[in-house]
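Got some structures for you, see below.
You will see two complexes here that share subunit A, one where it goes with subunit B and one where it goes with subunit C.
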Partner chain A sequence: MGSFLGIAATGVRSVLLHPLRSAVTVGGVVAALLPFVAGLGLSRGLRDQAEVSVREGADLYVTGRRLGRDASLPLEAVARVRAVPGVTDVVPRIVGEIRLGDEQVSAVVVGLPRERLPRVTSVVSGRLFAPSPAAEMVVGSALARRLGLSVGDRIPPFYRCARGERVFTVVGIFDADLPVWEANLVFVDLEIAAEIFDQRDLVSSLLVTTSGPDREAVKTAIDRLDALGPVDAHGPVRARVVTRDRLEALLSSGLLHREGVFDLLWLLALAMAIPVVLVTSGVGLAERRREVGILKATGWQTDEVLLRALAESLVLAVASASLAIVLAFVWLEGFGGFGIASVFYAGLDAMPGVRVPFRLAPVPALLCTLMAFVVVTTGTVGSSWRAASAAPSEALR
Partner chain B sequence: MIRRDARAPAVLALLVVLGAAGAAAAVTGSRARSARAAPAGRAFQRLVGGLGLGPSLDLAHGDAAFDPRVTSPASARFEPIPAGDVFETPRDVRRVP
Partner chain C sequence: MTPPPGTPASGTPTTPSPRPPIVEGRGLARRYRPFGREAMDAVIDASIVVPRGAFVAVTGPSGGGKTTLLSLLGILERPTGGVVLFDGRDVHDASEAERSRLRRRIGFAFQGSPMIRGLSLVENVAYPLVPRGGRASAHRARAEEALARVGLAALARKRPEELSGGELQRVGLARALVGDPELVIADEPTSNLDAATADRVLGLLREAHARGATVLVASHDPAVLAQATERYEMAAGRLRATATA
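What follows is the complex of A and B.
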């Protein structure tokens, strides 16, 4: 055991004997691992927030269907869905896109009945909007920054409505620490949202709460409704219902699939990193051959040479992986994911204006260390084995 | 000089161990960061009725990329993909004039 540790210690010393070779190896591995670790961290962060979004959302989401595609719902649908057995609450919601400012910045209008919201909330700087007819809005943090808005500011009419346009007042701004989807929100009363889109008595969807665990039965009952409102000249509006369970299943399968694709792509990148490390660590190849030749000439066995190289690889791999993880943390936390977040999130600038969610999980960190070990070992043990297999006189030549 | 050389491997090993501890701290720190933000995240989602599932922060990149609940979930992608934004065709380009 003592000799085993002694040989391993010489491997540690070997790292210091060739500082340039060691630095090149660590640098190459960190360069390959850093975007991988940061990317997985971003993916996990978004996954966490998406899970909360599903969990804290409604049991069922009901939208309309015409010609096999999504359509708006008449407000009468609220009463029809509420009458379905097992339904305890129905909240109409409007979600739609508008463009604001000279740069036509895309914003997401979300309208909910003010009376269904809490009086105060901790997630808004300022306050929530008053019920219609007050033209008040709460805006997302990134949108406020881009348009230079603050609480109390007034926004001139930005929409066309047959009933007339109004000047809006910003009464609150969402905190930047919230889930990323707050970034570009314009949160208003339901009636105000309908006015912005110049519509009457129409909503995008219904948020349905059910009394029991059997959401599928309620879903089936809503699916079977003949129409969700008065049948007009165009025919009935039928329902499309998405349950929370369905969303959770979609989320899991989508995440697993996409993470698998991401892992695969990066494994390919790492596979390419192996020859890169082999080539770049070639700066020490002659040194390694000579060193191994001397060791062999002084009585070292091939397995002892390989053990020494393994110990060296382990030190370099742990150092590389640790450095990559720490740098990924600094990149995501300290610099807000500058450069990489905009690749992963559509609608973000290179310097994200929102607090990008991320989580560095233990399993990917261990996987990262394992991959670093494989890459470094391929570079060091391979060349050591070739040199150790040759006669000392050949290696020393 | 000789004594300093003799200590070098131990110092290196210590540095590597400290680096590993730093990595563990980063993993733990990111978890704690997520946990700290969780209550506000839950309050936000309860307020808006559950909003946002995808890698887009607005509807300009497709409704499903923002939240499949505001459109058909069949074609939704639910989280970031590498360089997904680069390969995604903007909605306005997809429209036939």
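What follows is the complex of A and C.
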């Protein structure tokens, strides 16, 4: 045991003995790990947000379907769905994309009845929009910052519709528990949203709250409604209902898919990084061969030489993983995930301008350390093993 | 009644067989094949016996194969022909682990005294003791003692890069002697040393020999050769015995 610890201690000492070699190895591993750690942190942050969003949302989400395709719902659908047994509340909603400002910044307009703003939001300055016909909007704080908007500002017409164009007034700025909402959401009255998109008496979806535990029964009842409004020349609009559980599963699988694609790309990058690390571990290779030759010539066995290299690898791996985690935190917290946040958050710019949600969990940190260990060991133990397998006199030559 | 060990079936006691030589080379050959060049024979059919407690010197011109012969006998490399017997055991087929274990019984003072750069002298000298177990402080104390024996106690904290060639030579000898080896192999231990230092190094070899270690040395130094109980000469890879005291 004494010799085991003694040999391991010489490995730890070896890290400091060769600062350039250690720095190059740590640098190579950090470069390979950093995007992975940051990406996983973002992915987990996004999943957390999605879970909050779904948890705070409705029991059922109803959208329209016509000829097998997505379609807007007639406003009459609110009354028809509300009449279904087990339904306690129905909130109509309009969601659509607009572009604002000279830079044509992408934003999402959410039209809701005034009193039905999501619970995860809170107006931090100004007030809520007044009911139609006032052209008023409440803007996410990050979007307001980006466009230089404050309460009372007027926004020139940004849409065209049959009823003409209107100048909007920013009456409030909101914060949300879900930071990305602050980056690109604009709340307006439901009727104003219908006007913006020129879709009178139509809505994008209905948020349905049910009373009993049997959501599936209510879902089936809504599914079976013949039509959600008057049947026009294009035929009836039927309902497509998604339960909260299903939505959660869809979101999760969508995120896992994205995370999986990212992991795959990262693994490819890592596969390319291993030869890079092998090359970088070649920094000081001659010195390592010489050292191993001295050790072997003075009675060290090959497994003792490898234990020394393993201890060195472990220290380098822990140092690399720790540095990668710290830098990932700085990247995500300090620089808003510049360049990587947009991979996970559709619609975000390379420089998001909003605090992107992320979570650096312990399991990925351990995984990261393990990967660093594998990569470093490949370089360090590999070269030590090659040197230890040669005759000591060869290594000393 | 079971006869005592060493008693033949007839019941006549035998004298215990003498211990074999510490190291012996029989018909040793070492051929190198440098990449892109012709094969080169560094050692050709060399046979040598190094009895326990002997002081054996190998002399001869530079490039004659002395260092290679010492490497073969010190189990640092494998011969391309012949056998090396260490303590009577043929080491050719020994596993790498066993060869390493045998090397712990040898103290090798290399020409040029290669050291691990960045480590202090005391750490360098203590390194061979690390795999043998024990406390680091005990290793350090032994290394300091070995450095004191070669007159470098004051430089124990220095690094090899800060030392002259002669000082390094003495550190190399301290490292070779620190584990109290049965066999000390020294390759040109007094070359590049002033007369006083060479005397001191020779004194250390003599001291090790007096303590019971076998000494095998390659040297041109007449003072070293004068100490030898057996002498060999090596030229162009061929070895021949020249004198025995």
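Everything below uses one rule, namely that the second predicted complex is superposed on the first by the 355 of 397 C-alpha atoms of A that agree within 3 Å, B and C clash if a C-alpha of one lies under 4 Å from a C-alpha of the other, contacts with A are read in each partner's own complex, and residues count from 1 in each chain.
One rule holds in what follows: a residue touches a chain if its C-beta (ideal position, glycine included) is under 8 Å from a C-beta of that chain, and two chains touch if they have at least 3 such contacts.
The structure presented is a predicted model; accordingly, all values stated were derived computationally and were not measured.
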Considering only touches as defined above, state whether A:P131 meets subunit B (first), subunit C (second), both or neither. neither
Of the two partner chains, subunit B (first) and subunit C (second), which one does A:T302 touch, if any: first, second, both, or neither? second
Contact-wise, after the overlay, does A:G27 reach subunit B, subunit C, both or neither (first, second, both, neither)? neither
Please indicate which partner A:G382 is in contact with in the superposed arrangement: first for subunit B, second for subunit C, both, or neither. neither
Partner chain in contact with A:V91 - subunit B first, subunit C second, else both or neither: first
More residues of subunit A in touch with subunit C or with subunit B? B
With the two structures laid over each other on chain A, which partner does A:A9 touch: subunit B (first), subunit C (second), both, or neither? both
Using the touch definition from the top, say if A:L207 reaches subunit B (first), subunit C (second), both or neither. first
Is A:H18 contacted by the first partner subunit B, the second partner subunit C, both or neither? second
Touching partner for A:E333 - first (subunit B), second (subunit C), both, neither: first
Footprint overlap on subunit A, comparing subunit B with subunit C: 9, 13
Please give the residue numbers of subunit A that touch subunit C in the complex, ascending. 2-3, 6-7, 9-10, 13, 17-18, 287, 290-291, 293-304, 389, 391-394, 396
In their complex, what parts of subunit B are in touch with subunit A? 8-9, 12-13, 15-16, 19-20, 22-23, 26-27, 29-31, 33-34, 37-38, 40-61, 65-73, 76-86, 88
Residue positions on subunit A within touch of subunit B in the complex are 9, 12-13, 15-16, 39, 41-43, 45-50, 52-58, 61, 63, 69-70, 91, 93, 95-97, 106-108, 110, 112, 117-118, 121-123, 142, 174-175, 177-185, 187, 204-205, 207, 240, 242, 246-247, 250-251, 254-255, 258-259, 261-262, 265-266, 315, 318-319, 321-323, 325-326, 328-329, 332-333, 342-348, 354-355, 357-362, 365
Per the contact definition, I'd like the list of subunit C residues that touch subunit A in the complex. 71, 74, 76-78, 96-97, 100-101, 103-104, 106, 108, 110, 114-119, 127-128, 130-136, 139, 175, 179
